[in-house]
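Same chain, two partners: chain A is paired with chain B first, then with chain C.
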Partner chain A sequence: MDYIILAISCILINNILLAQYLGNCPFMGTSKKMETAVGMAFAVVFVLVMAGVITWIVNTYVLAKFGLDYLRTIAFILVIASLVQFVEMFLKKSIPALYAGLGIFLPLITTNCAVMGVCLINVNEEYTFVQALVSSFSYAVGFGLALILFAGVRERVLLARVPKPLQDTSIALVIAGILSLTFFAFKGMV
Partner chain B sequence: MAKSLAQEFAKGLWEEIPPFRLVLGLCPVLAVTKTVENGIGMGLATTFVLVCSNMLVSMLRKIIPSKVRIACFIIIIATFVTVVELLMQAFAYPLFLKLGIFIPLIVVNCIVLGRSEAFASKNGVVRSIADGLGMGIGFTISLGCLGAVRELFGNGTLTFWETPIQIFGPSFQPFAFMVEAPGAFVCLGLMLCLMNLAGSK
Partner chain C sequence: MIEAILFMLGIGAACGSVLSVASKVFYVYEDPRIAEVEGFLAGANCGGCGYAGCSAAAVAVVEGNAPPSVCIVAGAEAAANVAAVMGLDAGTAEPLKSYNECNGGNRAANKYYYTGLNTCKAVSALYGGRRECEIGCLGFGDCIRSCAFDAIHMGPEGYPVVDETKCVGCGACQRACPKNILTVKTMSQRLLHMNAEDDALAPCRQTCPAEIDIPKYIAQIRNGDYEGAVNTIRERNPLLLSCGRVCPHPCEDRCRRGIEDEPVSINQLKRFVADFEMNSGKRIPIPCAPDTGKRVAVIGGGPAGLSCAFFLRRLGHGVTIFESMPHLGGMIRYGIPEYRLPKKILDWEIEGILNLGIEARVNAKFGEDFDMGSLAFEGYDAVFMGVGAWVDYNLGVDGEKLNGCYTGIDFLSRLASGEKFSVPRKAAVIGGGNSAIDCVRNLIRLGTEEVWIVYRRTRAEMPANEVEIEAAEHEGVKFQFLAAPVRVVGDEDENATHLEYLKMELGEPDASGRRRPVPVEGSETLLEVDMVITAIGQRPDVSFKESSKRLDDLNITRWNTIDSDPETLQSSIPYIFTGGDSATGPSLVVEAIGGGRRAARSIHQYLTGEEIKPVPKSLFKKNIPGTIFDSVPGVVKTPRAKMTELPVKERITSFIEVDQVLTEEEAIAESNRCLSCCRICYNKDAA
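After this line comes the complex of A and B, so read on.
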């Protein structure tokens, strides 16, 4: 039951994009078309779950054990960067169809602060292994949900007549604000 | 290469001011600008990392093999972020607590990596430092402005050195929307719109 509450709060209430403000660069960058948004969402789910699990293990069994907490930033970014590289090579060899689908989004994930952010949140909240797994997956799903919803709205806005100074990123940010306001409604749920 | 040093520095202040002209590094911009103080603190921390990493990347640019350059840049940046983290824990602990997770997250701030890749890996040391400094100061100004607007309307105060100064009178009703997440997005969007307006004339 606790895990379900954790999952819901990670997906809806503390949505990584709209309430925690993490991962906003790909949120703005890849949301112009539905296809790219879906590709990015799946790539993030894939990498974030693996990164969350691996950084948890690294932190618990290496960094905390030997008192190397101050190396956390470097260790985590190394894990994420090499993980992304590894996943890319693995997919290219064994599942070319999926690799073609995710394409350019995989390398971009290295600098997606949502991934690094969730890994840090898992550590700061002192989650157990299963909790870390659930939260990584749920945050990733929340990321995908918000990104796909946002892409849907942005495709419609392309057809609307937006005042010139507000065009493109500017109106996108205002839309994101309104979307974020709707996610606020979930706050009383848990 | 017609640009002088001063121009390299100044382009970060208006022409390519992050995060408005270069839409990069949005996460800290949105998250830490609840007050002016947080915004400026974050800006200065990022400036430090930007200048140092630009300097080191540019010094090592002929040694780093181009295939693994991104990994090398990230290690360099992560090192300086750790330095900032430890310095802030020692000398600015209250600010460190407020900025929290966003200090380690400077590592994945796209501005820092973006400048290393786009500028420092192709230019000399002095130019790279000027570029880093300009971008950093531009970033700090943006964060400061956004923080000021949000804090002013959200709380009716402006905070400097831990002391909130009341700007509006007691009859002011705080507009709490501005200090919450949606306000950050809307406010940044509207500021971008104003900049577009000012730039188009």
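After this line comes the complex of A and C, so read on.
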């Protein structure tokens, strides 16, 4: 039950994009087309789960053990970057279909702040391994949900009469704000 | 501090070694040629080749799925380098270029300007793309944003202009445009396109037998781009100097301005740019596709043959023209008089066509000097027969063989060849067509005192062009209407002295809707003449069928024309195609030019092994439903450009060209009268 609550809180209440405001560059950059947004969403799920798990292990068994907590950020960056590279090579050899599907998005999110943010949240909240796994997956799903919703809205906005000064990114930011407000309605759920 | 450094070193080393091991373990063999090939590609990842990025294209090349010339951006040198890597022949590819079908009406109302919508896609989705009409450019520049090569920019009139030197033909603009206005095609594809029902075609363009993009070249004239206008015309008509002078411009009859006002003087504008090129002293280069190695024999160097040869050459085929007369040009040289089309202008035009690399053999008559057997022996892959309609019909009356009796084409062609005639004092020309008018106007210039046209119906029924009839009247030709010749009377030396005719009166309308002339009994009248020319129509000479080998299967119609499919112009022998008068019977020059291109298209399909068939939804001599209007509101009447003519006194004593070209100011004023139908919108005059 706890895990379900954790998942819901990660997906909706503390949505990484709309409540925590992390990962806004891909949020704006890859939401112009639904196709791109879906590709990005899956890539984030894939990488975030891997990164969440590996950084939890690094943190628990290396950093905490030797009292090197102050090196957490730099260590995580290194680990996540290497991990993504590794996964890319692995996929290319072993699962070429998945590699072709995720394509360019895999290396794109190497230094994504949403990924980094979730890893740090996992540590700060002192989650257990399973909790960290659930939270990483749920945050990623939340990311995908928000991104796909947003892409849908933006595709419709293209057809609307937008005043000239507000076109493109400006109106997108306004929409993101409204979307974020709607997510705040989930606040009292848990 | 120490432990921190050690830790970072450790974790760095760990990550490094894991990755290096992984790169060994998960190593995927890649053909080294892929990297090499990719190095020669442009690296633009534009997708113009049809593959997902340059790496994918390189893989396709190495796997043999794509030719070395796959990259449309990198150019010929890169293709040669790639071919060297692969050990292949580079081959040649025609470059794809983007073309904007819509050049804009010059005063189109921007209905949706500044209402917030800023993409063509959005406007198209919401309003069906209606700016003023449903077809034209919306002008929001989706194509400009889609172009990765900065090759499209917004022109001053609010429609996109393609910079051909920068365009690589990647096709992004074509995909971005919701209105199918920007199309990416090779030159050959454009030359091969025939009018189709779903094209955006102005009424004039639907009517022109050569299918010239009339609104486009008029728009180019308006913008001062005379070279562009010449190129536009040359995509459909290689004989613009000649056509600009002699075409009876059926297009102008359909001009929408003509519904409310006088039609735009389309043909004078054509002549204006054609003369501009000739007088500019340099020829505008005409691009040709790479050589295909195929050879075609074109029999007959008239307008149909020249047009067919011109387009075949531009499509990359080798062409030889065989002409029975001493010079090329056919009926436009030997039928059309000097005062309408000076020979030196025609020579200049034909020289330009031959300069493309077309061989011409003159004084070679089909069936005598060469035949199908010798053409096959010489290795021609296909044959175009544009032998024209050179045999005059005879009257079938007594005395037709007397001295001083000629037939129309015989007279005109001998005159054009420079033969000297003893100038008659009085002459009669029988017939009411353009050939008859050409004969009388020539006779006036030769110095004949009295020239008659004898025609069995009235002036209203004369098939000749109105302007020609008027010119003849101005020059002092006399008309004897409602007269049917019955006999030519001669003296004892067999010289013609009189023409005897029966008076006629008009009876009931016949099948053609014209009232049938009925002879009046006992009304025989003598007209004193010493020359009689019969110009009552021609038919093709098909005597070659008997004298040439391998033509037993060639079907001839009962009008003596070569039997062929009217749209593909393929005859009953698959490798023989026809066009012009020999396919249609006597018709217009522009019809023959259109037929030449139509046949060139079929020959191209035959040579490349395609099925020979018309374009889908072909608009063959039809109009698109709904495009012929009854009224055009908002047109402010402005007079049409007047053609300056040589004064009558001057012209009847010489063979100097009668019709004068428009001045630049007149041409630009006239081009502004064009409503630019089917370009951006129906273009109303500002009130």
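One rule holds in what follows: the second predicted complex is superposed on the first by the 190 of 190 C-alpha atoms of A that agree within 3 Å, B and C clash if a C-alpha of one lies under 4 Å from a C-alpha of the other, contacts with A are read in each partner's own complex, and residues count from 1 in each chain.
Note that in this section contacts are C-beta pairs under 8 Å (C-beta built on N, C-alpha and C of every residue); 3 or more make two chains touch, one makes a residue touch a chain.
It should be emphasised that the depicted structure is a prediction, and the values quoted were computed from it without experimental measurement.
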Clash or fit, chain B versus chain C on superposed chain A: fit
Chain B versus chain C as contact partner of A:Val162, first or second or both or neither: second
First (chain B), second (chain C), both or neither touched by A:Ala64: neither
Chain B versus chain C as contact partner of A:Ile74, first or second or both or neither: both
Contacts of A:Cys113 with chain B and chain C, given as first, second, both or neither: first
Included angle at chain A between vectors to chain C and chain B, based on C-alpha centres and rounded to the nearest 10 degrees: 90
Which superposed partner A:Lys92 touches (first chain B, second chain C, both, neither): second
Which of chain B and chain C A:Met28 touches, first, second, both or neither: first
Contacts of A:Ile178 with chain B and chain C, given as first, second, both or neither: first
Partner chain in contact with A:Asn124 - chain B first, chain C second, else both or neither: first
CA minimum distance (chain B, chain C), superposed complexes, angstrom: 10
Common interface residues of chain A - those touching chain B in one complex and chain C in the other: 70-71, 74, 78, 81-82, 85, 164, 167
For the chain A and chain C complex, residues of the former touching the latter: 58, 62, 66, 68, 70-71, 74-75, 78-79, 81-82, 85-86, 89-90, 92-94, 158-164, 167
Residues of chain B that touch chain A when the two form their complex: 23-27, 30-31, 70-71, 74-75, 78-79, 81-82, 85-86, 101, 104-105, 107-110, 113, 180-190, 192-194, 196-197, 200
Touching residues on chain A, where the partner in the complex is chain B: 18-25, 27-29, 70-74, 76-78, 81-82, 85, 110-113, 115-117, 120-121, 124, 164-167, 169-174, 176-178, 180-181, 184
In the complex with chain A, residue positions of chain C that touch it: 3-4, 7-8, 11-12, 15-16, 18-19, 22-23, 25-28, 114-119, 121-122, 125-126
